[in-house]
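Shared between the two complexes below is subunit A, which pairs with subunit B and subunit C, respectively.
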Partner chain A sequence: MSKFQEIEFYKKPETKYELLPFRFINLSEDQLLLTNLVGEYYLTDREVLDDLVRHRLDRENSAYSSLRSRHFLYDEQTSIAKDLLKIKYRTRFNKLDEFTSLHMFVVSLRCEHSCPYCQVSRQSDDKIKYDMSKEIASKSVDLALRSPSKNIKIEFQGGESLLNFDLIKYIVEEAKLRNTDKNLGFVIATNLAVVTQEILDYCLIHDIHISTSLDGPRDLHNKNRPRPGRNSYEKTVEGIKLARETLGFDKVNAIMTTTESSLAIPEKIIDEYLLHNFSGIFLRPLSPYGFAIKTKKFNEYNAARWFEFYKLGLEYIIKLNKEGVIFREFYTSTILKKIFTFSDTGYVDLMSPAGIGIAAVVYNYDGSVFASDEGRMLAEMGEDKFKLGNVLSDTYKDIFLSDALLDPLEESFASSVPMCSECAFESYCGSDPVYHYATTKDFVGRKPESDFCYRNMNVFKYIFNRMNSDMYVEKLFMSWSK
Partner chain B sequence: MEINLTFDLNVYSLLVLKKSAYRYINKFSINFNVKNQNVICALSFSNKYTADQCNYFADQFKKEVLDQDLRETIKNETEPVRNLILAHAFSKTGLVDSE
Partner chain C sequence: MLKLYGKIDFKNIAFKGWKLFYVTFNPNIPDILKSQFAFIVDNHNYKKGFGSYLSFEKVKKDIPNLFTLKNEFQYLSEGDVIRLDDNGGYACIFRLSSRYNTLLLTEQCNHYCLMCSQPPKKQDDSWLLDQSMKIIEMIPKNTESMGFSGGEPTLYGEGFVNLLRRTKLTLPNTGLDVLTNGRAFAQESFTKSIADVAHPNCTFGIPLYSHDPVRHNYVVQAENAFDETIKGILNLKAYNQRVEIRVVIHKQTIDHLIETCRYITKNLIFVDHVALMGLEITGFTRANLDKLWVDPYEYKNILSEAVRILNHYNISTSVYNHQLCTVNNDVLPNYQKSISDWKNEFVGECDGCQKKSECGGFFSSSIKYRYSDNIKAFA
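Let's turn to the complex of A and B:
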């Protein structure tokens, strides 16, 4: 008889594991993405998924420890997983009680450009009718400073905001004067066509940033953005140079809008941004608002064609990085930040609860308050569903507790929306009730028919597939999340 | 074009079939007919799809039913712990006014 017990005697008794909430989606025929309650992910195959769910996953399997450490399951060694998940989930939403950091002031609806894709339905004349008054500006400043958020960014929008620069100065100075405990920041969204050295000197004194539009190479930009003299590109490029010289390089940003003419030349558009030494680009699709609908610009291409454009652009940017050129795509970066961190990016379209009112609010030239920039764009088309009130007649409480804000927030919350609630990408996505209302007259819409859903699902899948197929891309994308 | 598929209620719930059908709302409409322990799903396609495309979508629908069934299993098993985590996550946040 042996002196020792059989080997089985010394093995720790098997304890069954329990599942934690998670969702899954097919990335390809043989690849699945699993995401847990807080967006941590694991890539695997069908066999592991089936074993996991049927409680047949062996502890010796490497997937077991990965899934355990990422809170897809817990056993007798990891009962703390529930508490950790709770903290992580709470962290994801911890900014909710510090709401509304971005306050957009539409200081004028006038514009000297006549872009056919304009999403805000600019006006060309009548200074009295389409410029914000001091009274409205004053009331709006008071409302902005009442927000619970410690960080308040005031962004001046148009039309062309610089056509009412005197009012911008008034708002900046009043906000600074009335502010007691907020970190204030200012941005002017402008096409830079009417910028002057005097304006930029003022921006320097008050630390005002510039956000402008650059659609790509000269021909494309001037085609997209007509103005008297057909020199929008020249004006923008001169303005960027002057603004950088006066304010500093990092105080000037540019954004592009994709039109049908852009789709074939993503590389040339990216080259244009490199030419002007921008650190990245946002390959932004057109939105279904304003003149973009009236002139049928929005319908010139669908989400599938935009996605092909995005892929070409992203692949070109990856190639540039491989060659040593540091450059990024900002929409991808925003998503990667949501994938790899628990921080809220504050990007309105990718928020759930929706970013309307919570991340941003708009004070229109006539005193109307809208839940988002897109909400006021919709109002210019005659649909005021997202009008929260008016600064002249409504209190802060009236505006931020209005049904016009709370109803779409509640109804569109992705965790309780058909299909979204079971989507593995839900943690990274948003609900965008304004987009869905604009396209379907419903805050939720049917997701299988939604271009918003199509676009984001495909972008998410592409990002995960690229990271999975190329270690360089995985490392690059991780760096973009910082 | 119309394709009929039969599912056994002992294997798949009506909820699973409905959820699967919702995901294909942009491809076909569907009518559920429950007979004894079977559900007959009548998939109706518009004329813009070829027969091959219709058969492909029907196959995808069958695969989706399997996935939805797995999702229901996970959901049912993890629902108590999910509710517990969410309840704790939102307790003492100050989001709910005591007034």
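Let's turn to the complex of A and C:
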């Protein structure tokens, strides 16, 4: 049938193809990762990259078609790439107009634990001094409800938040009463040591979730988290059980803090989470704030050692999955979501612009407002750079349009930061002005010396290499991105 | 397979051109409505006044507007809508007993797809649009769903917008699927006029055959089609219209099916449905069979991977026109039995198969011309 044209007919006369902005990095000796500003990526070798940038990549090379459809280049055959890039770039940042959705209320600084790594707690009975007052709570609720975000999550923090449970009740009820058009959610962050059935019954009525700390096996947990009676582990495990029985299994969440003693036993820590039927674990790095720095706990430990710990843990989790145990690592999961979709995950520590203030904000027990939890920890060490104002004296505008918030946001925006702007992982990464300020007195910091950068670069590389070398892992990781 | 149109014997025709009629077996239709009906007449039940008469036997009486039907049209039943021409043309337009009726709006098209099942024609057939405007009024108001197809319906421009508006006003509760190549929607003003109709339940089914513009343009045999189709989909979704992407799987699309699906997840994730469809051996496909045929059994792993990727991104996905014995079990949640009248036929290899009732079976054209060498009855 001569009526039909051959495929050659539809190839328009070739002109020179044009490159669209992209970045690249070596994943291994012979593998390169190419990414663009919306997070489209392509794995290839040096030869293809050389040909690509020299405008001599052969059109019959399968890389050509892939690179074109992933918007690394455009040519005379199609000009739709820019329309699609536009949409995806908007998608990547579309959470920004939501503005602050997580509102943390530090209802008390008092705690019956005395964890050496804790940034912010006091062993004290002085309620006047260390508990949030109703007046401060009331003003804070108003500020939280002022946020343009449709979804407002109020998280109660401490100290041990349950030591001021009456105020939690007040805040929950006032927030519900004053709310007109928001979806309200509540979480209590608690060590569960002082939880009671009555408290949980109240949580059930008001659909309040529980977030607790579980550092690993009994010995490690009790060593990390000393309290009178040395029974933190027992109390936590009992509390988790009771909370699940009252509220429902999925309403109870636990996080672990990594310490020096954790580093050698990632498998045992993961086993502990398996034992208590959690669906995954967040292998958290130790934060450099508060007592952690004062007691030199931070210095004993560095990002390289954490990364080894993370790798061991991740490999163990992959092995578990291969054996049929469904379990995931949440930090990896967050990153995978960014790799496989263009939407931001809303994970505050890995956003750019940074999540400080505009994704999460902290109302401290004394009325001061901080751009992040780390910001208030820094203040406890005498550095109030991230204090945005006070609920008693400042308006919503004063606080959220303050230079104390806008300066670090603008200065640390990764797309325009030296070394970040040309980094192949920029679209998956974030900016952390608080961390960089804490360690270098600068919102941007020096990336070659930054633990934040070292940690994330290594995690990104590891994730891509694992997916590239193992089909099973690629499928598993894809399932984690959901 | 039903024969839905043809030439039939006629006599005493008293109207000019074409007319639409409801089919009826009921001689007691009120006089005032009779002119709208074609009455199935025999030697004993003639009543005066019907718009036309249909008979399956020789009728002795001299009856006006009489058409004699062959036995292959025995499927006609009460309430069906047919078209009769003054030169003996017969077409069954709407069958009440069919779960799904499609109106052909035109045979003109700005594509010339290698596997077109309805090869386009050049001549002006805009009377089909007039016909559709009338049929819309005759279709029962409780019809659940129906389709518009072509050719390329949007070639009518404003005429198509008017039909869509009429359809919405006349059949507000009827779900509507429009098969279009989507290119007209690259023009935002046209998309806006479609969106302004605000049909409550209309889906535009748009083919995308590759992530690669050259290959897509080759399959549809049209230059610039890819960019306009993508732009059209983007515009439709920007105006909140429902869009289904339709991928026909054959030798020219199978090699890049996974990359194509990946492209959909990365760029068109907001579409409402993706249909992955087996090849129907009819129309141009027969002429291009060598270029198009690939045994579904041979690509079943590729199909599985494509479905897995689409499922992962929560894109509602269906696999059509495949036989159960040619797909892997992992696509079963997405597997659809066909809804058309002319499918669900089986071949000798299917004898004794335990899964016939769950299987989509074959197009009759496939049985005639080409089907998988790997059909095997489930024990």
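Keep this in mind: the second predicted complex is superposed on the first by the 466 of 482 C-alpha atoms of A that agree within 3 Å, B and C clash if a C-alpha of one lies under 4 Å from a C-alpha of the other, contacts with A are read in each partner's own complex, and residues count from 1 in each chain.
By definition in this document, contacts are C-beta pairs under 8 Å (C-beta built on N, C-alpha and C of every residue); 3 or more make two chains touch, one makes a residue touch a chain.
Quantities reported herein were computed from a predicted structural model and do not represent experimental measurements.
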| item | value |
| --- | --- |
| Partner chain(s) touched by A:Val53 [first = subunit B, second = subunit C, both, neither] | first |
| Which superposed partner A:Lys16 touches (first subunit B, second subunit C, both, neither) | neither |
| Which of subunit B and subunit C A:Pro448 touches, first, second, both or neither | first |
| First, second, both or neither for A:Leu37, with subunit B first and subunit C second | first |
| Touching both subunit C and subunit B, counted on subunit A across the two superposed complexes | 83, 87 |
| For the subunit A and subunit B complex, residues of the former touching the latter | 18-24, 26, 37, 49-50, 53, 82-83, 85-87, 89-90, 93, 96-97, 418-419, 422, 446, 448-449 |
| Residue ranges of subunit C touching subunit A (in the complex, touch as defined) | 112, 114, 211-215, 217-218, 221, 223, 226-227, 230-231, 234, 256, 259, 263, 266-267, 269, 284, 287-288, 308, 312-313 |
| Residues of subunit B defined as touching subunit A within the complex | 19, 22-27, 67, 70-71, 73-75, 77-79, 81-82, 84-86, 88-90, 93-95 |
| Subunit C-touching residues of subunit A, taken from the complex the two chains share | 1, 3-7, 9-12, 40, 65-66, 68-70, 77-80, 83-84, 87-88, 341-342, 475, 478-479, 481-482 |
